[in-house]
């Protein structure tokens, strides 16, 4: 019997490259298997090594992987262009289960690149607005120059309640400013004890956002988070992403807050 | 009525002191290590013939002050078990130390105790003592376990600094860089990382062993051979105090012993017999003859290991008051 | 089957087995220790049983046989991957009871938690385990507290006593080789008590994670990772990609041991580290060994070999930490009542 070697990646072709900012790009890669928003791939980056990258969009035979140039970790991939290939492993992790949110009032709060793992959810409800009672997308970026998925925002604004805010405005910017938390009380919600909150972003942003959701009456069992950690192997072996008795790569990265609140690094 | 030959007294390891009629006895302890059983014997001499006090010398010996010149013979008798126990070469048993010019061979605590030491400094010091004592020429030799040089070998005529040649087993290396950090912060920054593996700059490496000490997986280990850095002609003094300079790097024990012994021949040949007290420091003799001449004598019959680097020429610095 | 035989006979058998197996055992590596003239006892290949260090505890465990310190997983070019070849021969590993329990912990992670690890499995499947008895407990051992002082799960037990050798074989190949040897009833030597006794708290409330208790370790630990590297149950690794060429398209991927105490363990691509404080790293490790692992897999991870206590350059005692933690847990429960 041949055992499939889970460490051997497969080749995937770059079918499109979308530049968001000077340092953030989305690579549309060929992939025809099952995949959910919030799952991640281990992407082999030339001259560097593997890095876990969340799925930021799911197409017909493709997945989007949004990669940020941080340090030397992910620099090299930006030398790749359409028609080139990358080695991938995955998808790994549990991902978001859209069925959990159907028919509900939904507030999705994302900070910066935290939008990537939840973008598939936004895409889904933007395409199927009748599948939920209401959908508010609340996103915070550092500055207008850091805004990701600009084109997608135009699409989302048609069917969803979209609130975008930046920490630091620049000249000529006329949108909202400040932290995402200050906009939560303004979001119209009929039954907050039934509404769903999805929160992904930097640790501090997530903590404050969840506190604010509690303040407006959300229940913890209706809040979902995704935890970004150093997922090195993706298959429960290397130990880097372990928190308490939880392996983020196997049991997460998506957690209901009833479980997620106990995760202490 | 005292009628003394001070030259003979000094050669017998007694001092002419500032107190008329009183001398002090110097006890040599090669390598600075002795068993505790000798301390009562030293105590007994101090209390019976001295003033009850013992001075710890900079060269790791004992000096017992307040002894009457008239008691030297009795003191010599009491010194005999100490001389025997410490295995000191002696011409006439019972008559004390045969000479005093070649000073006690001092050593740091070494690998018996210290985690940094690369060799057993005591053993090498004792071996050197066996080879060069009781020579009466004024030689200062010291041994130190690692490049930290706690014994201050660079202020001796001959300083011997231990070195180990780090052995790297790359398949045991995890790239944690504990060695790189240690070398950078505590030593000479001789390690770098290439493709997650460590590269040792062999020209920079001083063989201190910090990489070995800090490696958590035994990827770094010590070479079976111990190597030494031999530094020459450091000195204190009125005219031109200076630190010793490197002569040999990655040298062996045999080569070092041979060079020190050869130096006695050199000094015997070139010493200024008219110098005050017939004493002239080696360093000043080399200053007169030139280093090339000294090197010719020193290296006579010396077999060097393939790894040994010979520094040539050597220039000494220091402060010139002359 | 139990046998009594001779050292010459058993050496001959192992010499024969060495055609198909590499034999690993704790060996003395003279002068290979941290300090001058200090030896290391660690696993290495042997050809004769006299090379085995029976009298002392090995500084490092057997785990490097099944989980090499540095292991190439595959070679890659621009378009292809080639799995690194497995060793041709199987392995025979001499180890003590505690380590044999450690093997179970490794199995759990590498064969059960998530996908099966190909590289571990291919070594594991071809490895035979030979128990070394413990007549006496070594310094810092607390196997009895962890219930690992005995194990029946071996392929053979071998005791060398001068020229006489006692064998208890669970391995048909060995039985065949020993056919005709004197049969004997052989019980592995095992200890019934250790000087170090450890009481593991039943559960550790999360409220104690930030207790000042851990700050002491934060001040003492130097994050060298030795405790992890000597531990037979520490199984973490990090991937390394090596590129042979400037264009970065051909090379190899390997994995190397990793340590949750060493800097970088939780670092994200952007540089954020989730556990910078060394006291919190100690808490993480301790909780993993005696709490988290049990919640997930049903047994404590720690097998009580005490190697972490043997090796720590800062004299941090893991065993004492657990005992102190147990007291802290009990005190905090009392306070609540």
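A few comments on the model shown:
By written order: A, B and C. Residues from 1 in each chain.
As a working rule, a contact is a pair of C-beta atoms (placed from the backbone, for glycine too) under 8 Å apart; a residue touches a chain by one contact, two chains touch by 3 or more.
Small disclaimer: the values here were computed from a predicted structure and weren't measured.
Judged by the touch criterion defined above, the protein chains link up one after another in an open path, with no loop closing it.
Ranking all chains by how far their C-alpha centres lie from the centre of chain B, first place goes to A.
One inter-chain figure worth recording: chain A and chain C are separated by 38 Å, centre to centre, where each centre is the mean of the chain's CA atoms. Separation between the centroids of chain B and chain C, computed from CA atoms only, is 45 Å. Taking each chain's centre as the average of its CA atoms, chain A and chain B sit 68 Å apart.
Multi-chain contact residues of chain C (touching two or more other chains) are listed as 238, 240, 243, 258.
Remark: chain C residues 29, 31-37, 40, 42, 60, 68-70, 224-226, 229, 238, 240, 242-243, 256-259, 262 touch chain B in the complex. Put simply, chain A touches chain C in their complex at residues 3-9, 11, 44, 46-51, 68, 70-71, 73-74, 76, 85, 87, 228-230, 232-233, 235-240, 242, 244-245, 247, 249-250, 262, 264-265.
Those residues of chain C lying in contact with chain A across their complex are 73-74, 76, 78-79, 81, 83, 109-110, 113-119, 121, 206, 209, 235-241, 243, 247-249, 253, 255, 258, 260, 265-271, 274-275, 280, 284, 287-288, 291-293, 295-296. Those residues of chain B that touch chain C in the shared complex are 111, 115, 117-120, 145, 164, 170-176, 178, 195-196, 209, 212-219, 221-222, 224.
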